[in-house]
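Two complexes, one shared chain (chain A), two partners (chain B, chain C).
Our next item is the complex of A and B:
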């Protein structure tokens, strides 16, 4: 579910601008660090720090969009994608300069929940990671499908020129999409950091979003959810059954093998829009 | 009016000019002699360089404190007059905890620096680098290299001075460290059946290094290895590995091949505590430092491990006293997370300077001279080991202690005295 939420952040941006955000890992760390500062350093209670941290992450997303993506509106989507590659490097360097390379202790005080099924056990942080991700995913879906602004985002994602013709401020919508995507990524960053610690290296988790969204389909919101579930389950099963048989480290590779299989059968992902391009 | 021939015209004036020229020439000659003498004097005093690659980023995290330790140690030695009038300089470079980068740094320094100036490497020199560069360093360029690695292959039974005459370490090798832990387990285990052990390691040269010796040692001691798991340094989830361990029902876990700065380190400790509460986790040198407590928080309570250095908070230790005095003198503020690294920087720096001083005293300030000086050293590391001195003939210091983490104090507290591994593991 956490991977699904991470994938959702990428899908939203891709749907709105056809750009792939390669800085997803750095967005994840920045979002989690903003929350860390509020909750662990400034000691703001969790219930206040969570929305404030996510709000700060949204502002960060909007700032990035305003400074790097907005000037490229109307240019090929590839330009935006390349910008995110550069952004990823700048953010990675900046993060290390500000936060250093040492991990920061990150343990949320949440009510203990343990699901013990004998051989399989789900300790509290894992269960909470799933619960928080489901709730957040649900809230974003509700916003997208049940609110006026959600409808506006969907319309703009469908076709920017048509949306402009209908008087929709596409610039503002794109800003909003980047803000929401940054929130999704930050939320997944917070629950991921809660499983261990927070450091600049946490950004490598962002790479997991790539097979998630490619398996599900780059422009499909349900695809992000399904892709996330597939990657999570496949990783867990490989770790539990294949790695002990000598295939050590196979867990890291298997999502990409599944991706390869899916792309052989459905090049646009399981739920991606099939595009026929005339040449 | 014709001025006539030059030689006979205004002769007294010309004589005066000649005198002036002669005076200028004489002064110039004296000045050139003086300058030449000064240049000769300057040439006799040179900067002795020590190549010092350390990680300032990368998957293992940044260990800036080691660099600060070098800087302040360099200042301390140079303020004392250097090594027989020669200043020393640590050439600190960022190896990003990456074998390829570190090899490139070593090659670059070997190419750029003069052979009689770059006399020593004294730095991270990670296990993978030592293995890859063994031919070049030990046979081709023959430069003594003091490493922060405790590799079994390089410094253990299969390696050592006979095979790698230019490699030096500053503590017991990883197999010896694990050997101390296994003996601790044997002593601590109270059940009638033999202890069952789960092993977690990183898929790196460093992580896999002591495995063969560990298995042999376990057989000897009657300890059964029931689970063996690899965990990548950048893994953010190790639940499947820990679940596999849990299924094997171990009495103890040994983890090796990690650093507190690696993403996986706090993830593993937290996950292991959640899935197997009460099972002791034992580690080697690099996870037995306070930075591990800072990273893993509550889950670090009770972590056990071997460390070959003195801890920052052992203020009565003469080595720590010296380091703290010099730190204050240098106006350095060392944050908590960097204190162990700062100590390690000083330990390495002082050892390097000691080697240069010993080589200089023997009249052989060359790479070979430094190697011989190190090998022939009997030194107390400025009192680090409670005044005990050790011969460096084995190319490693045989001392270590076992520690246990105390979350309340944010410290690893020694639960054993200094142990001489050569005696303990006989």
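Our next item is the complex of A and C:
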């Protein structure tokens, strides 16, 4: 579920600017850190800190778009993708410098919930992670499909020149998309940090988003959800059943194996649009 | 009045497309621009509505003036919103994955008034075909329906001047006639139209004034009833060269054509 939310952030960006955001891991940590500072250091109550933290993350996403992506408008998507790679390095270094490499304790005070399904037990933080992710995912979907702005995001994602010629401010829309995507990624960062602790190394979780979106299809929103579910479930099952039998570390590999299988059968991912290219 | 003065435009700093174009689009008229492929017609429209930077183009000389105000440095959304000029790109720029109704709503995005819904009903009246297709995705419409939708979308931005880029592209003659009838009707209601076309006959028959463009220059201009009778226009755009003409005359025409280029 959390992976689905993470994937949603990537899919949104990919649809709008056709670039793959490799800095997803760093976005995740930055988002979680912003929340950490607000909630744990400044002791702002949770209900205020979460919207504020997400808002700050959105601002961060918009800032990144304005400084790195906007100047590249009209250029090939590949250059944007590569700039996110560079961005990922810069942010990783910056985070290391600011936060150091020690982990920070991160545990939200949420009412305890336990779901016991016999063999599989969901501890409270994980259950909350799922609930929060689903709610957030739902909100974003509602925004995308039910509001005026969402409609324009869909339109601009399809073609920027078309949108521009009807007077839609595509720059602004792109800014908004990056902000929302940063919010999604930050939200998943917060719940992921809540499962353990927060440190710069948390950014490797971001890599998990790659099989998620590729399995689901790079430009498909339901695909992100399904891909996230598949990766999450496969990972958990492998961790529970295969790793104790000697396959240590197999958990990290399994999503990629699934990805390989999916791509054999459906090269555009499970729900990706098959692009028709006429030459 | 939209006027273009001595406009020179290059792409990627080197490819010179417009080489000193001047023309005027009078309020309330239909101005027609004819020209072969690659003459620079589309570039001219992109320049007027501020889309040039998207295609890596640049104005190196001259300007676009709307009632005396320069539009040179403005971006497209300002031009649509404040100056009420809407550019209808060629090849029917509808959003394929949105439905007809959504397309119309999206096109009205630059507006902030509360009359969008009423205007949707109004354009549905102008294009009755569309009202039965409200919930169909625009990608599944026929070419003619898509072109109608495109113009309907442009109307949703409430333009004073509409720039139409080859609306007849790939449409059956009957549909073209219907379409041009609608354009003429909109013009009578006060819309200024700048019509860029290859279909010279249809365009000149609805137009008030015409220009002919070749290789980034205006080579001929005049009222459209004059252009439609002009020998060169007849030959090069209407395909009306007499079959039994003498060879000597052919040679003379050829020379004249060369002088244009």
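In the analysis below, the second predicted complex is superposed on the first by the 274 of 279 C-alpha atoms of A that agree within 3 Å, B and C clash if a C-alpha of one lies under 4 Å from a C-alpha of the other, contacts with A are read in each partner's own complex, and residues count from 1 in each chain.
Please note the rule applied: contacts are C-beta pairs under 8 Å (C-beta built on N, C-alpha and C of every residue); 3 or more make two chains touch, one makes a residue touch a chain.
Being a predicted model, the structure only gives us computed values, none of them experimental.
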{"item": "Partner chain in contact with A:125 - chain B first, chain C second, else both or neither", "value": "first"}
{"item": "Partner chain in contact with A:165 - chain B first, chain C second, else both or neither", "value": "second"}
{"item": "Chain B versus chain C as contact partner of A:152, first or second or both or neither", "value": "second"}
{"item": "First, second, both or neither for A:261, with chain B first and chain C second", "value": "neither"}
{"item": "Which superposed partner A:73 touches (first chain B, second chain C, both, neither)", "value": "second"}
{"item": "Chain B versus chain C, judged by how many residues of chain A each one touches", "value": "B"}
{"item": "Touching partner for A:202 - first (chain B), second (chain C), both, neither", "value": "first"}
{"item": "Partner chain(s) touched by A:233 [first = chain B, second = chain C, both, neither]", "value": "neither"}
{"item": "Common interface positions of chain A, toward chain B and toward chain C", "value": "none"}
{"item": "Residue numbers on chain B that touch chain A, as the complex places them", "value": "56-59, 61-62, 64, 203, 229-230, 232, 234-237, 239-241, 243-244, 246-247, 260-268, 270-271, 274-275, 291, 294-298, 337"}
{"item": "Complex interface listing, chain A residues touching chain C", "value": "73-74, 148, 151-152, 154-155, 158-171"}
{"item": "Interface residues, chain A side, partner chain B - complex", "value": "96, 100-107, 119-121, 123-126, 192, 195-197, 199, 201-202, 204-205, 235-236, 238-240, 243-244, 248-249, 251-252"}
{"item": "Interface residues, chain C side, partner chain A - complex", "value": "49, 51, 53-56, 75-77, 79-81, 86-89, 93-98, 102-103, 105-107, 109-110, 153-154, 156-157"}
